[in-house]
Amino acid sequence: MNTRHEKEIVNITDQVEEAVRKSGVKEGIVLVNAMHITSSVFINDEESGLKQDFMKWLEEIAPVRPDYKHHQTGETNADAHLKRTVMGREAVVAVTNGKLDFGPWEQIFYGEFDGQRKKRVLVKVIGD
Amino acid sequence: MNTRHEKEIVNITDQVEEAVRKSGVKEGIVLVNAMHITSSVFINDEESGLKQDFMKWLEEIAPVRPDYKHHQTGETNADAHLKRTVMGREAVVAVTNGKLDFGPWEQIFYGEFDGQRKKRVLVKVIGD
Amino acid sequence: MNTRHEKEIVNITDQVEEAVRKSGVKEGIVLVNAMHITSSVFINDEESGLKQDFMKWLEEIAPVRPDYKHHQTGETNADAHLKRTVMGREAVVAVTNGKLDFGPWEQIFYGEFDGQRKKRVLVKVIGD
């Protein structure tokens, strides 16, 4: 149930749909979460300009800065922890008749804010 | 299980409680989410001043601006996508003894940030 | 299933693991949420510098200010409602083989932003 990603904002809707299909669950929910603390799973619109807007805005409200206390550990990615917090760790989506019960524009994204390492997304389906 | 709303911050606690009651679920959880990507479901306090504070604050940290990339598609609501992200898409609430298992001040709200169109909220109850 | 806390950012991972163990659930999810609207439950890294970074950053984007409308009710904690919104109310975590299904650094925290009173966290485990 893990998916690997490396950078930026990636649409993972198809992989989540596939996991729901394979689970055989018809009525329930699916939890989709980043397994890393500098990345996010969130739901928004598949539009490339909007993805750029998200990244620019995140840099404004949670900027790269040298003076984070976290950097005293040798890390340089405190901003990524903050950006991930704004965007969220997880999405919970209803499963109805075996499908993601989505509104007209909802798509699931993985947002990577500290992207050199392999990353994983957890997909957990529960229900009947 | 859908509810229609048009603008601003609307308390939907009664509708969610009614959906839980109708489901017959006594022990479980309820997922409540906006089905639109420029609106939110979140939990906070029923207090009119606080609702104004939320809206003013969201305008400060995710302002209306002409220069979002998303607007090159003809849209004018990129700020609403950002505001919804801050406030969150969904709430998951425990159901215990057939009721929403809430702290003393918790209430569920629908927040509309791009409000001309009819909007829907999904309520999914799972459990026994 | 309640835990009491009074201030700042507290690691509650052990208490949540204990609740999952006691529930006997092997496959499912656990919902962990603040029961108060000026506090948060969120998942990040156990690192003291990062906790200070979170608090400093929250003060920058959701500052203490005298002029919030909410303060006309006699309250003085509107900033805490905003800070809690940024950090989130709840975390939903997969339970697999009876354990929290976590990535390498994920830990669960309770964040208190208005801390004089006793506070509670709700832990709800569902599954088989």
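First chain written, first letter: the chains are A, B and C, and each begins at residue 1.
Rule of thumb we're sticking to: a residue touches a chain if its C-beta (ideal position, glycine included) is under 8 Å from a C-beta of that chain, and two chains touch if they have at least 3 such contacts.
From a predicted model like this one, the values you see are computed outputs, not experimental measurements.
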item: Equivalent-chain rotation between chain B and chain A, CA atoms, steps of 5 degrees; value: 120
item: Same vs different contact residues, chain A with chain C, by half of numbers used; value: different
item: Chain A and chain C: spacing of chain centres that average the CA atoms, whole Å; value: 19
item: Sequence positions of chain C contacting 2 or more other chains; value: 29, 61, 86, 88, 92, 126
item: List of chain B residues in touch with chain C within their complex; value: 27-29, 42-45, 47-50, 52-54, 56-57, 61, 86-88, 91-94, 96, 101-106, 126-127
item: Sites on chain B touched by chain A in the complex; value: 29, 31, 33-37, 61-62, 68-73, 78, 81-82, 85-86, 88-90, 92, 120, 122, 124, 126
